[in-house]
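Here come two complexes built around subunit A, the first alongside subunit B, the second alongside subunit C.
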Partner chain A sequence: MDETIGTGSLCLESEATDTLKETVKRIKNLCVGHPAKKQAYIKQGIIPTLLKLIDRRDSELTWQICGTIGILANNNVAGAEQVASNSGLCTLLSLLSSDDERLVKQASLCILGALKSVERPAKIFLENIQLLESVCSLFCNPFASASLRECTCFILTSCLENAESEQIVDWFRISNFCFEKLKSCNLRDPRTLTPYLNVLKSLTMRNREIGKQFIEHNFVELLVEVMKGVDMTLKVIACRLYTNLMNFSLLQEDQASKDTAVIIMPLLNRMLSNRDRNIQLEGCKMLTQVVAIAEIYQQQAFDCNLVHCLIELGHNINISDVEAACILLQAVAAVCSLVEECRRLVIESRLFSLVVNSLDTSYPELRIAGLSALRSLSRSVRNLRASLAEAVLMEPLLRSLSDENKQVQIQALSTVCNLVLYFSPLKNSFLESNGLTTLLNLCHSNDKSLKYYAVWALKNLLFLSGSKMKKRIIDEIGMDYIFCLIEKGEDYSFQEQGINLLRNLTCTFSIECERENILDFIDEHCYRLVLCIQDSLQSPCMEVVLQALYVVCNFVVGSERHKQAICNSKIPKLLLNFLTNPSYLIRIATIWCIINLIWKETNDINDVSNLADYRRARIASFMEMGYEEMLEGLLADSNVEVRGRAEMALQLLRDRTISDFGDENDYEQVSRGILL
Partner chain B sequence: MPANSLRSIYSPKPIFCSLLQAGQRFQGIQNSWKLIKDLDYWTVNVEIQNYEPEKGYICGSMEAIDVPRFDYPVITFWEGQVVDNIHYGFRTGCWDATEDDDLRHWSKFSAFRPFERMFERNRAREVALHPLEFVFMRWKERYFVNVSHNCGLTIAGFYYICMNRITGETQGYYFDPDSVPFQKLQLSPLPRFTTSSFAFQ
Partner chain C sequence: MQSTTNRRVFSKEEWEKKLSQVQVDRRDLNLLVMNYLVVEGYKDAAEKFSEETGLDPGVDLKSIAERMAIRTAVQRGEIDKAVELVNDVNPLILDSNPSLFFHLQLQKLIELIRQGDIEQALKFAQEELAPKGEENPSFLEELERVMALLAFEDRTSSPVGYLLQQSQRQKTASELNQAILTSLAQEKDPRLPSLLKTLLWAQEQLKSKAIFPEMDITTGVLSDPPKE
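This part shows the complex of A and B:
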């Protein structure tokens, strides 16, 4: 212990109250403005000693002690940790129920100062439910002073930021208390609303029911009035609460959209343009939350120049400021996810360099944020073709695919899904850098998320790919893998991706050699493929059914063998039923299947002769099944394309008596002429 | 269906067309109206690369083959507006096109006739277009993909487009105040319907 304390009249071990008071006061005075001295005292263990001296019977001494502890713990992590230890907090919290208002205020300030200086203030309370319950009771004391309210409010909001807190306490008691207080608050002094709105803001982050009750109590108008007010802190709290309600779709869309455009977006503009770093970052977080709700808010953010504000912020944030860079990149990811104008502004600015540079840092959270921003920017054909093509992205992206952090891998995979598309020049860089091998390995991952995104990326890679790429993928991954995705799908999402893979594999255009090359190597799996399609067409998931119909369309083009394989299965009967499906997309896809099945081909990839005979037999079979009547019924369909395609299919069905045309083009012209 | 009968019955909805899906291809020709005797025309291949009916947005590439003075195909990237009366109407309102320009070009399509009078009376926006057999669009080339922007060709204008949703037959007229007027684009879809798909993450 400091020499000046142990001797004479200044001694913490003294039994004389006056000596103790003087000693405590001296310590406080020595520490104010002297951080080194403060640190030395803390290291010597003065805080636990002072805590032991707290005696509720002597308010003056206790008041002094609280003041001194407050000074020691303020902005000092070590000191704050000592105060915020279990026993320390219990002791200080017990003072909050004292009748001495001065003592309650001092103790509140002490606790608040300490908790604001520790890293995770909520942890202590989440591990000690009784402590949390006592805080709840203190908060709900109708006669609590402003400082007590502020202190307990801080504790509760810190706890509520943590998702684990949801199941621990009966939060409805707290929310009901807040509702009562809001009803009786003095609206001429809106600051009196602060603790209640603050707690409700935190409560409504995850609790829809409380949000619903907020609206049922008719507080939305009050909230809007507060948002229009002048107190910045209160405005921010109110805006957060409002966006929580929007998040749960509890507000009327028109009104929410109007309030956001007129009040929230301008407020965010002011926050992002503020010189205070904390306010800027809070603005970024709020922007991220609002624009994630719907596209219209991203558009509003653009209209309100918020993207320009983010770009300006980017000029002042260094990548070494990891926290700030993460928050900014998350805002970029959110605001650019659906609106092209936002993407364009970011890509054309220096902020894009921050995105690219973040991919290569040693901080996984920064890589995740950067990858998320890049993914949003790449959701655009125009950007993929041009702006992003020039960026040095592929190396860091490929490294991220093998990152030890799973979240980094997932974000990287999601971004790769967009970058490997047909019109993206980066697709070639990906393939040349051996990205395909990594991708195919990830398709076999035991982690469901990784596997899902890897399959998605593979599907996108196969979009409009040539036969060489398709053959390579089938050779490396095997048709078995694709069939297993569809047959034993872990859930419909995997089945859907699998059937999309098949769709892209079987898609060919009128280049004869292409068609021959691809369908040739699918041929050996013909039987299993048809079974797979047949099962998919019986899926309860309509998206799987729709994709399976497109596979049929692709599969039968130019191959009599494939047409027969389909017709020899249950598929024609299934197609008949789909003609009356409630979804016009299904009806249209089904009619396309029929058209492709009875289309008059002039040559065949397997050089099958007598194509006309086979076609006539197939049409006769369709007629027997009742296709003609069903298609006639669709001539009165509510959807114009269904009507038109049904007419086209009927013409093809009925033309079996017309002799062969000399030229395929003549045949098409006649078909179109009938319809024009 | 008469245009005025579409006015009060339906509210506009996004326009779906199976021939406008990503990956769909069209082939045809573009010619200069006045120079047709000199056979000044070239082959055009169009590929749809993305179609977002809920935004009225479409984009793709256009490959012009045998363009006069060029030994190799010239490829451009274009973006389009689908006239759905939700996001875009018949009035262009940009790209230097006046209302007179709009009327002159749209009137070239027989499918537009039911809307002419309504357009003149500024009421064409009240019509639901999603039940119609034709899709009206504007396609604007944004940049050259394989040649430099000072190659001697211009992409300052845009096309007024009318497509038959059933047959896929597409006509277009190029508008650019500084180019030969009413250059005509005629496209047909590829003979077979096959589709590929992708989805942004």
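This part shows the complex of A and C:
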């Protein structure tokens, strides 16, 4: 502490107000621009001492104290935490209702400085509703000064960034106040709009109703005018607000698309190209938000050279700058999620190295962001292949599957889902690197999310795979695992995944060769499989039912034994009911089941003879059940594909076949792989 | 009329006629003048101008008085006083702007050297400025430049003698003034200089396409068009 403080005329313990004022002022002037001195004073406990000295009867002294506390707390976490403690804030907030405008301004600056220097400013207010309510009242004071408005605006927006805040305060009171002020603001000086637009921006992040009211008050045009203005801070706020409205689909699509292309994307380009790191990162965050809304905005981002801007940013951001790298990678993930050209640019650039290198850092948030970007890029396996990405990608990706952080594992699994979907060297590389073993281990994970995504990846791995691959997988995981997923699945999502696995397993088309033989293990488990399908067809979850229908389609191809197994169960009766299901997908799938069941086969895997006799018997049985009338009814279905397939099924049923020998390629074989 | 170089030629009469057809709103002119007076801190002039034109200055004139006191202090070399005054307006201005604060301290060092208080200057440089120079290479460079003043007997004639001129104080004062205006969310640059810059630039651009009477921006008088 300064030596003069304890001595003579400069003393904080003095009774004389003038001495106190001088002392406080001197401390302030000593500490400005001197972090070391600030720290020394703070360690001595000066902030609580100063807070106790606050005396509303002496505005001048209080004014000096606020200035000094503000300096001590500015950019100093320890000081800010002391100021922003419950009692400190209560004392300072009480000054904001003073009649002394100068004091209000100083107290506002003090509070603002402290809150901007603490880690989680909203926490204090969210834990003390009365404090938050008093801030709301101060904000809504129609005669509040600019500094008071700025201070309370900062508090409110910080709180609103936090989802917990939604239920605790009547935010409509705040939004209505903002609407009134917007109507009466001086538009020649748009900066007067700042606090109201800022609060509305935060309010509309999660509150659709307030967004709707914003539009009903006809403020969209004002927003567009502000976005076209010159004040960068205001433009960014307005853009964020506009994007929030887009998020809730509150704006006309074509108008939103035009405004985004003409105003928002060029603004983002300028922000990403700005030298100020904070503006660059804010631009990245806004880009992430905008392009997540719809594919068209990702395309606009490409057209506006924003991907190039991100690539340029990647040259200047070091991976050791974790915050910046995370924000950049999240933007890459968002902008590359749906548009091929964006992915191609990133994969061919040095930015791809940042993506791969992020997988090996010690920061889980950075690994997650990197994997999120990789997941988007992995939707373009062809481009990854062309850039020889597998040379650098596979090892760190596989390590991520065994990461200690669950979120990292999930993102890695999602990426693997995409990489193994198609036949490619990347898929082979995954298998050769023991990826399958890791994946199958995760299929047995006790963690529901991990298990779910692992099974999804397995499903994609089986998509259009050959029999060799299928055998290998089943040898390791066993059919029992798949049946258990379906029979004892934790919930419908797992049942659905299990049925999807069966669907892909039973499909005899593969990308490697067009038709393959039905796998032995499918045949061996024929009856259990039929029971499984039968139960699944009675599930209340329509997605499970649909996938089960696809399994039936695949299962009965080329095997009389399988057809008989199906027809000897309750399944034909269930199929009849599905012909009138409200979902056209279910109706189509059902008709395909019927077609495949009564198809004129030429070969049978079990070399069953008299196929024609069995077929006739089956058709007779279907006729008896009333299939003909039901299919006739579908000739007038609203869906054109339903009508077409119903006609085909009827022709088969009435034995008026398309040709003597059915074309095997007309079988509907349904395999499914889905990009994540 | 076309010149031999194919540039269009405007006579003075023709040019003046065209200019007279351009409408400029008096209110816009007054706004420009008011903006200049407010940003540059001419409080009394702004007050009087406001009275006579009925225009609202748009800012609290008291804040102009504060800024002017600070500016005057810097222009007089009273840096400690200027810092105290700024800290009274908003202590966060200097605390959040290390570069500006450093420039003010450098100015203080210059004043100490100007007064011949070399011992105090060295002590101040060592205790206050050198640590900051160590943290920031650009600060160090600026500090070295000021310290170079001590190497010369006749400091004003030295290569770094410009640091002792009034223009250096003016530069520091302007930087501080702009920071205060920014903290008040006011415009930090008056519009009039931008307008004049635009005029000069436009004249330069037009010269490649036409021969016309150029305007002297200090007098507002049109010269005769140059002969080819």
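Definition applied: the second predicted complex is superposed on the first by the 535 of 676 C-alpha atoms of A that agree within 3 Å, B and C clash if a C-alpha of one lies under 4 Å from a C-alpha of the other, contacts with A are read in each partner's own complex, and residues count from 1 in each chain.
Everything below uses one rule, namely that contacts are C-beta pairs under 8 Å (C-beta built on N, C-alpha and C of every residue); 3 or more make two chains touch, one makes a residue touch a chain.
Just so it is clear, the structure is predicted and the values come from calculations on it, not from any experiment.
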Mind telling me which of the two, subunit B or subunit C, contacts the most residues of subunit A? B
I'd like to know which partner A:Leu421 touches here: subunit B for first, subunit C for second, both or neither. first
Just subunit B (first), just subunit C (second), both, or neither: which does A:Asn75 touch? second
Which of the two partners, first being subunit B and second being subunit C, lies in contact with A:Val32: first, second, both, or neither? second
Examine A:Gly113 and indicate which partner it touches, taking first as subunit B and second as subunit C; both and neither are also allowed. second
Classify the contacts of A:Thr508 with the two partner chains as first (subunit B alone), second (subunit C alone), both, or neither. first
Quick check on the superposed pair: does A:Pro396 touch subunit B, subunit C, both, or neither? Answer first, second, both or neither. neither
Is A:Gly67 in contact with subunit B, with subunit C, with both, or with neither (first, second, both, neither)? second
Touching residues (chain side subunit A, partner subunit C) in the complex: 25, 28-29, 31-33, 67-68, 70-71, 74-75, 109, 113, 146, 189, 191, 194
Within their complex, state which residues of subunit A touch subunit B. 375, 378-379, 381-382, 385-386, 414-415, 417-418, 421-423, 453, 456, 459-460, 462-464, 500, 503-504, 506-510, 547, 550, 553-554, 557-558, 584-585, 588-589, 592, 595-596, 599, 639-641, 644-645, 647-648, 664, 668, 672, 675-676
Which stretch or stretches of subunit B touch subunit A in the complex? 16-18, 22-23, 25, 49-50, 59, 61, 77, 79, 131-133, 142-143, 145, 164-167, 169, 190-201
Residue ranges of subunit C touching subunit A (in the complex, touch as defined): 58, 83-84, 87-88, 90-92, 94-96, 98, 101-102, 105, 185
